[in-house]
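Starting off with a structure, shown below.
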Amino acid sequence: MRKIIIGIFGPGETATPSDRENAYNLGQLVARQDWILLTGGRKVGVMDAASRGAKSAGGLTIGILPGNDSDDVSDAVDLAIATGLGNARNSINALTARVVVACGMGLGTASEVALGLKNGKKVILLNSTQAAETFFLSLAPELISIAKDPESAIDLIKYILKQ
Amino acid sequence: MRKIIIGIFGPGETATPSDRENAYNLGQLVARQDWILLTGGRKVGVMDAASRGAKSAGGLTIGILPGNDSDDVSDAVDLAIATGLGNARNSINALTARVVVACGMGLGTASEVALGLKNGKKVILLNSTQAAETFFLSLAPELISIAKDPESAIDLIKYILKQ
Amino acid sequence: MRKIIIGIFGPGETATPSDRENAYNLGQLVARQDWILLTGGRKVGVMDAASRGAKSAGGLTIGILPGNDSDDVSDAVDLAIATGLGNARNSINALTARVVVACGMGLGTASEVALGLKNGKKVILLNSTQAAETFFLSLAPELISIAKDPESAIDLIKYILKQ
Amino acid sequence: MRKIIIGIFGPGETATPSDRENAYNLGQLVARQDWILLTGGRKVGVMDAASRGAKSAGGLTIGILPGNDSDDVSDAVDLAIATGLGNARNSINALTARVVVACGMGLGTASEVALGLKNGKKVILLNSTQAAETFFLSLAPELISIAKDPESAIDLIKYILKQ
């Protein structure tokens, strides 16, 4: 039976401690809802933290990797999808997630948010910047929500899934 | 913990009854080994039959879809990865599968076998044609095995995973 | 001999008259420098206007299309590259352009700017929004320039190519 | 005005002297017809030889590269399209070429032929193997032609373009 896949995207090497903490907590809460976690899969930053959070709650984790193999995969990824596409894999992330949560902000994350919105996905910004919120709200106000913490992000996802 | 992903690829609309029967049985046997099944995800041919087989044995199934959404997905796919890449997604199939099994033969399947071999993957041909066996053996004899039935394919996969 | 490829990216259906006029003029000026024009290739908005501008000055135009064929191609595209990748082709745009010019702003354009910056490309914003300028400057100040008109964009490109 | 793009695909590192000689001659003949040459763009094997042949006759050459930049590009490629997609770029090759010519045979070439045929493209095999001819004729007899030398391949392309 089709599973609900929630995407948590965010910075890799440039993630802040706060980005990683939010990502861990969010990953944990996603898993507790029996949703599947989708990330960019690498062993760094938000991808790694969210996946570890989900595993700490017994969840299932998918990583959509930029590389050809599983060299750079988070240990907390159960299902490593090796795309070999580099950053073009961000488009798959945006298409596959039922709801996109951007935790923190960076250039790759910005591309995932933009492509998600372009495909009509609801996007939740968590621990983002004022500049990012203003920019994305200017482009797609009806698709963007701002979450003040991981718990609120979960409430927003629940609301979106009911629509 | 990283799961073992086995790819079963084969014709869609042009699959023969024998291709579908082999795919169903093979999907079932893959699931019984606690391996994860990867297919091209569409609701037709070998992709659909293998996924239904795996679900009949309680397995977990991933579908790497050519389209942007889940319109054309097999009901037996648990995790629908919407790539939006068309047939370029065949490259992801070839990279993500730990072992590639081609069940039957067609043009898309041929591209997955060729790309799998190019990436150094072991490929098992099941219910293939003499022309396909001769061709792929001529290009990568050390990576190709011929299975006479689904049970033999499973034995070959077990042997490959031990290497 | 390797040609210099300049990418002009911008909104399609949602392009404003001012976006299209700037794109036409910029395409013309790019062609006069003997640079090759790269766009997203579709018969609409900035892609179409920039390509028509370049052709009006005898330039050569490449279109990196999202689709499988040339159904939706601008008549002013000489070389239609059919990717079949949907919006994942935006990553190719960002990688192939020696310099990226975003003319106007939209969701697809935002993804091209973000991916260009992520790959270390210099990006020039023309006819953009305050929100876009603030956002991208916050992420990669050393790679972003703001052009006040097409002529200034050309001067910026010349300066970048000399580095 | 839309240009006619002819794809010449074949082995890289494993190309035989005969593959490279045929590719060079074919590239030259393609350029003399004022067709644009498309290859995989790398500085090796059939891609490099065909591009050099086309340049020797004053033609224009496009290279669809697997990598992120132009590090590995043939010196004879005018327009380097950096896809960053690895072998998934073979799908773009197959979609963009108006006619596909496979010069020699290898695993990457096999994937381009298979994907070309899957997209309904006419494919010409030159300097191929008996096993390849038999295999692809078994899958798409109406789309495959066998050329005995580069001149015959050009005659076949002319015939196909008139259809």
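Labels for the chains are A, B, C and D, by order of writing; each one numbers its residues from 1.
Simple rule for what comes next: a contact is a pair of C-beta atoms (placed from the backbone, for glycine too) under 8 Å apart; a residue touches a chain by one contact, two chains touch by 3 or more.
Since the model is a prediction, treat every value here as computed from it, not as a measurement.
Farthest from chain B, judged by the mean position of CA atoms in each chain, is C.
Simply put, of A-D and B-D, more C-beta pairs touch at B-D.
Chain centres here are Cα means. That of chain B falls 28 Å from that of chain D.
Note: centroid distance chain A to chain D, computed from Cα atoms, is 40 Å. For chain A, residues that reach two or more other chains under the stated contact definition are 68, 83-88, 91-92, 119.
Contacts from chain B toward chain D in the complex involve residues 85-92, 94, 105-108, 110-111, 114-115, 117-119, 129, 131-132, 134-135, 138-140. By the touch rule above, chain A contacts chain D in their complex via residues 68, 83-88. Interface residues of chain B facing chain A in the complex, by the touch rule stated above, are 1-3, 5, 36, 62, 64, 68-70, 73, 75, 77-85, 91-92, 95-96, 119.
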